[in-house]
């Protein structure tokens, strides 16, 4: 049997709009029979953090950082026209209006379609994020070497 | 005859500086004999909107959104140092000073060189953009599946 | 002997966080035996500017622009949560805390590992940056055609 073509996406950004683009591409790729990996790093980790509860990181500075930068799929904002939340609220309404899934629904859908969701080890280290900060759909933590290993076997690799 | 090598660019951003980078790469690729497609999505759609007239979208919320997010190649701003328009004005002067084409000129040039300009269907759906919101150089609307189909046949695929 | 696999990265952004991602990938790639090129353009040029002294560009407008947009690896800011420098300061502390190299150290390290650092000719032209504005680790200036030539021979090409 022929090997599946791979699509590998680095999700660096934690903006609602870029997250949306990443999941649109990932789920479309999966539906086309591609083997898709999403590698969440830096602000992108916000997308796959649990929405509920606090984040238990060690040290005052990391506690502060994770309090300010709380994250979670329902707290993402537009990169432009956030307008104190009004723009983000409008965008979510516009998405719902044409039956576009929310980021929450996209995460579940991607996971069910076999898209691998991976959190970047180094970013977790800097930010002091324990593995249980992430949703159950997240498969594992892995480093830049893992990403490059996948990317060089991929037909398409994107940095979002 | 050998098939041409492909270059496929997702233009997600609507910033003047990133638009400039995208068109520099697209026109350079075309001049090197590559087959180039630019796939405009989300804020990137602003780059290829007509500069004149209003945008006739349906529903109050979409009308409001397209009023605030008017777009058009001459309304793009720098992602940094916009400084209420001063930085953007300076950048346009600096570009002109070394005979760098404006975005308007780049769009015409790219089109004449055979670069395919494509608007993302899903983004148009969310934002309620009718096909006539776009300039005549825009070839067609297409979805993420079309983009991935092109990207996986491409030597180089970038997300800007 | 088999040719080395190539990794080519456009560094468009001059944000501390994106610079960090770019150097993590570049040095990891080099350590995996890949042949890595980093092509700095637009705001990304700030990363490889010398930290000391002024920049001698011609014409009032370029002098002003380079005064405002001074750059240098030690002046980079976070794209989010800069909070008048507090967030950036915190991030640098968090990085140090887990023995992550600073951008300064990453540049030296990348150079020593054979990563090619290249400055984009067109951006230097727009901004009026002379070649001596850049650190000694920067190998040369080159244009978009050079980048595309490298990218199409690359296993992985990213735009950051």
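Chains here go by letter, A, B and C, matching the order in which they are written, and residues are numbered from 1 within each.
Following the convention adopted for this analysis, contacts are C-beta pairs under 8 Å (C-beta built on N, C-alpha and C of every residue); 3 or more make two chains touch, one makes a residue touch a chain.
Small disclaimer: the values here were computed from a predicted structure and weren't measured.
Contacts between chains leave no pair untouched here, as each chain touches all the others.
Overlaying subunit A onto subunit C using CA atoms gives a rotation of 120 degrees, to the nearest 5. Under half of the residue numbers found at the subunit A and subunit B interface occur in both copies, marking it as a different-residue contact.
Centre to centre, using the average C-alpha position, subunit A and subunit B are separated by 25 Å.
Multi-chain contact residues of subunit C (touching two or more other chains) are listed as 157-159. The touching residues of subunit B, when paired with subunit A in their complex, are 10, 12, 14, 41-43, 59, 61-62, 64-65, 68-69, 122, 125-128, 143-145, 147-149, 151-152, 154, 157-159. Contacts from subunit A toward subunit B in the complex involve residues 5, 7, 17-18, 20-21, 24-25, 28-29, 31-32, 34, 79-81, 87, 90-91, 93-95, 97-98, 100, 155-160.
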